[in-house]
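Below are structures written as structure tokens.
Next come two complexes, and both contain chain A; in the first it sits with chain B, in the second with chain C.
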Partner chain A sequence: MSEATLQRPRPVALARLRHATWQGERIDWSAYLFILPFFLPFLLFTLIAVGFGAYVSFTEWGVIGDPTWTGLDNFRRALADPFVPKVWANTLKYGLIVVPATTIVALAFALFVNQRWWGATLARTVFYAPNVVAVTVIGLVWVWLLDTRFGLVNQYLGYLGIPNVPWLTNPAWVLFGIALASIWWDAGFSMVIFLAGLQDIPKELREAAQVDGASRFQVLRHIVLPLLRPAMSLVITLLIIGTLRVFSQIYIMTNGGPANASASVIIYIYRIGFRDFDLGYAAALSLMLFATILIVTVVEMRLLRVQRW
Partner chain B sequence: MASKVTRRNALKLAGAGAASGILANSGINGVTAKPLPARQDVHEIVHWSWLTASDGEVWQQMIDAFNEAHADQGVQIRMEVVPDDQYGTKVLSSAAAGQAPDFGWGTAGLRADWIDKDVVLPLDELMSAAELDLADFMEHALQSSRYPTYGDMLYMIPMDAMSLQVLLNLDHAAEAGLDPSSPPQTGAELLDWAEQMTVRDGDTVTRSGFLMTGAGVQPSVTWGIVAHQMGFRRAGDDLTEAALNPEAGQAAAQWVLDLFDEHRVATRDVTDRYQAFGTGQGAMFLTGPWTLAGYVADGLNFTSFKMPQVGEDASTYFELGGLEMYAQEDESRYEMTAQAIKWLSDNSFLWTTEGRGAAVRQSILDRDDYQTSGVPWDLRAAFVEGMSEAVIGEVPVKAAPDFTIYTGSGFVAQTMDPVWANERPIDEAVQMLAEQWEADLAEG
Partner chain C sequence: MVSVATPADSQPQPRRRVSGTVVVLWVLGMLVVVAWAAPFVWMVSTSVKWPGDIMTRDIEWLPRRVTSENYAKVFAQPVLRWLVNSLIVATVATAFSLLSGAMTGYAFARLHFPGRGVLFFLVLATLMIPSEMTIVPLFIGFLRADLVNNYAAFILPSVASVFGVYLFRQFFLSLPRELEDAARVDGAGRFRIFFSIALPLARPAVIAAAILLFTTNWNAFLWPLLVAFTEEMKTLPVGMATFAPGVGGQTQLQSFGPAMAAMTILTLPSLLVFLVLQRYFIEGVISAGIKG
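Take a look at the complex of A and B:
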């Protein structure tokens, strides 16, 4: 074999690629290699899927065959569907219970475990523990806890003289019943975020306020809460997104009943998509839910940004 | 000498390793991969089932028996259990991908939409070629497996017929001094028995004389049965008119509501009906034969009797389970699958005595040991003998699920649940049903 064959010049294009620069810096292609294992599945199973979902929302499609373009028909149908306002209202009501309640409980937990005392570490673990349990398990356990006649919750309320509450069998109570399970499940995660925020607050600020004669409540009101605003914003944003997408707890605990009083938007989308195989309409409803989440989240973030404590 | 492992070297090594792996496996690099052991020439039939309770265990025995009988004949069934709430989605998706199972479990009257999509196959010719004796089947079962709007072709081989009848807790009956050998025959007698077996604590019903749930399947199907008995029809025989005799539908809804509020023999507080009856929270329970084996295994002291005549007749809910074949790219698979279905049908004695509903083959019903095998006859009798009154089946149109009365979250339940919660007037709900059903029938 000749020397010339052994030492073939590198292809020009490859050499250019190797020496390519961006804003004066040489591009390190190995970085892209490292993100590829994440990016490819993300592209395939998220970005393309989302794009396809958006396309399907303008079509009529029942899994078999090609989608048929129907323009805005699915969105018009949603506006005329009497069930749509019902499930949106249910979801918003559920959010109005869960978001403030979880925020308050999580903040209380965080303030409690942020103190220096012998049981703080144990308390953190205990408060966080429900969050590591699968939501399916949470749902099944709470169905038992909230049973009208045999549930522990009603039994304890009975000791206080409160009559049995039909937590999961009465339309007026069912969202509160499901919310109890959700708050118990979710408060631990939000507590961790608050705890991180609390530990970022300089100790000197509290001490200075106390030296100036501020009570513990005043320190909380004027020092802690304003400085917790970023954590608060994050917690509320995550909770809003979570509650608007609520599915598993409801599916397991009530399947949307009784009398559709706990049917959330996602439960309805699931029924339309996977029971009736009306994927075009289900995709349109999903797109509407996405818009709702976006609007609510943006409004919430703006409100928190301008809010003065 | 220790050499520094740079990022470039590490990448080169990883690349070289991966390349040699690929080459080794493809045999290009002079290293041929070790040949796999030769596959035996076994034709594998893929079967999907959504049976998961005690009936699922019996069905597994049926499949095992087939495989054992065909161990030397080059054909085996591979059964995969798919949860029933995912079954439709998965069959349609797999069919769209050309990977549908060969056959699966179906329910008569619910497949018009799939027929329209060419997912399920007409079976008349295939079963004729497989020499399945269709003359041995009960005529009603075969007719229910046909679709009038699709050439009246047979799209399912029925395996067992089910009806809803009433289970009675014998301990509760004895406690109330009732004679189980003379069960209630009319609506008035049913209410009387329910009243006598109901236990209340103040205003609260702690044991339902007639077990219901506050929403979902139980009130929906009870309403559907009573409404039919009173003369209501979801669709006319020619499938052109919907909600015939709506006044009867309204009267039936009132009858169900009265169980909760007027007679107070049922409570809305029950969520899990099967568990509630099994744990003594109800004295009488309208249900299907699929619950029998489980309650027998649990040692529950109970019996069954036929659904009483609340209205003009004693009709009850009818459900026909069977096997359906799905379209394949490789049509040569059909013959073996049809043969397998023939074998399972011919050998469905176990299935129809221990597994689930009544036999649909005359040759099985005529067997001397049909009544003495499997679940005790005094429990099964109502479900077998009551088949003559089981006429409230599915409406075989594309939107059949909208007409289903045995549903916890379908259209009927969605519409009627607010009625049971006193949140929607009865006439408004029946009107909503009528409007949707008319639209569904118009679609065909």
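Take a look at the complex of A and C:
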């Protein structure tokens, strides 16, 4: 902001503005220019989009023409839609598999790579690596690994005498199959959050406990785990939000099949909105998903806060 | 980085005996490491196998005969065009969101202005909103504005990264402000201070954010899937998904060779970047989300 142009029209008022204070300190007017490059797209593509999405969910709308206000019709339709409980149940079931499994795997990984053992750095690299790879790769590689007859997983299980598991072709197994891929993809990220938490634990605490004769397990149980609670809470929250939004892996691996057993909420929203172009109903379902995420997250945070180790 | 203890540790510490439990845990851990790397190895191995050698009764980690036929099949598709699309989209989106994130993060950390608290809360609150909730309205908006099937359509929704703002705010809060104060006394304006002092000092944060944002943009799937209407406007992850034997129902076993070749091509750039810059990757994640 050049001072010359600022001061020309009304010097007194502008000088007052330049020295204006807020909460006892001079206001940095340039701050608004600093935040503009972020807030302009943020306003357009996030805030307005959210508001517009909420509005569209009360309308009926194909791509052509204008939305017509239908009040709560979309939500009434959702309550009567037999697919809605189905896809919500699928998604929650998937979350119940993936969230605990990923948390446990990631915690074990973090405890392992946090040791000063030979190979710990290598292990950290390998555990995190799947996280940087595109979801297309995760999906396709696991379709191949989980192939019922020739997939690597079933071949090795066969060596152990376990009969072929129809990972992706049987409605009872498909969510487990997709969960395997998701855990492989995501555990590294949660591991890093746990690692950050572990590195915040003062060494003196553990050493003192060990001097007092505590075993490795006791140190873990009574010192490390309680102090990891903030990290644990963050990991679980992020995993819940992530699993309720699951889409890409499923789209690539099964596209919701077999018999819709792996159709997640967003798979269904995608079909309604972008295959049938029933945008009003799709927006209403998105709003319901957002409400679900909000409720589950709040409940989870409450539970974790009161829980004792 | 986790340092690896060597036998010749310089500090004269009492040597701890390696207990049996430690050995067992170490062996178990290393087995998991091997298992975790196995899908990548299997992917590459499958990608150079002849169609007849892919489905075998016994597992063949090393192909008996090697072929480039699968890669030739992949390159029959406009893969190079997809690669160029992905590079342009990911680079421009990352550059924009880095600049906007650094400036806004700096303002939230350093500058004093009415609305700072409210605006920052607003930014954080949107972290809770799934991007899928904005995807229907965004799609409609872009369709109406005829902003589909071109680079602007890919890039625009990702130029404002809440994550970037958050990461830079955390970084600037932890940065001592003496240098900036000295420059201020010398009469430098806010923008000069930001671009010539604060931003250069923020190099570690810039690198960490750049890598994380680039990976996110590079791997984006749902939005590019929606706004790419023609083959030559697809990004690499979306284009490569056409090799999926699963999509469309029946698994066609014959196609696993080309599919794994496509996945190898898609994996190599991100994996190489990760291996070279992994320290920044992991420390970036640590400093970003967690110490807040």
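Some observations on this one:
Operating definition for what follows: the second predicted complex is superposed on the first by the 289 of 309 C-alpha atoms of A that agree within 3 Å, B and C clash if a C-alpha of one lies under 4 Å from a C-alpha of the other, contacts with A are read in each partner's own complex, and residues count from 1 in each chain.
Following the convention adopted for this analysis, a residue touches a chain if its C-beta (ideal position, glycine included) is under 8 Å from a C-beta of that chain, and two chains touch if they have at least 3 such contacts.
Source: prediction; values computed, not measured.
Of the two partner chains, chain C is the only one touched by A:Ile193; chain B is not.
In the superposed three-chain model, the partner touching more residues of chain A is C, compared with the other of chain B and chain C.
Of the two partner chains placed by superposition, only chain C is touched by A:Thr136; chain B is not. In the superposed model, A:Phe34 makes contact with chain C only, not with chain B.
When both complexes are overlaid on chain A, the residue A:Ser248 reaches chain C alone and has no touch with chain B. Using the contact criterion defined above for the overlaid structures, shared-chain residue A:Ala259 touches chain B, although it does not reach chain C.
In the superposed model, A:Gly62 makes contact with chain B only, not with chain C. Contacts of A:Leu168 after superposition on the shared chain: both chain B and chain C are touched. Of the two partner chains placed around the shared chain by superposition, chain C is the only one that A:Asn114 touches, whereas chain B remains out of contact. For the contact definition in use here, the residues of chain A common to its chain B contact set and its chain C contact set are 30, 33, 63, 143, 147, 149, 168-169, 254-255, 257, 274. Those residues of chain C whose C-beta lies close enough to touch chain A in the complex are 1-5, 21-22, 25-26, 29-30, 32-33, 36-40, 42-43, 46, 54-56, 58-59, 96, 99-101, 103-104, 106-108, 111-114, 116, 119, 122-123, 126, 128-141, 143, 156-157, 159-160, 162, 165, 189-191, 194, 215, 218-219, 221-222, 226, 236-238, 240-241, 243-249, 251, 253, 256, 259-260, 262-263, 266-267, 270-271, 273-275, 278, 281-282, 285-286, 289-291. Across the interface of their complex, chain A is touched by residues 7, 11, 85-86, 88-89, 92-93, 95-96, 113, 117-119, 204, 206, 214-216, 268-271, 281, 401, 408-410, 413-414, 417-418, 420-421, 423-424 of chain B. Within the complex formed with chain B, the chain A residues making contact are 30, 33, 62-65, 83, 143, 147-149, 164, 166, 168-171, 254-261, 271, 274-277. Chain contact summary for the complex, chain A toward chain C: residues 22-23, 25-35, 37-42, 45-47, 49-50, 52-53, 56, 61, 63, 109, 112-114, 116-130, 132-137, 139-145, 147, 149-150, 152, 155-156, 168-169, 184, 189, 192-193, 195-197, 199, 216, 231, 234, 241, 244-245, 247-248, 251-255, 257, 266, 269-270, 273-274, 279, 282-283, 286-287, 289-290, 293-294, 297.
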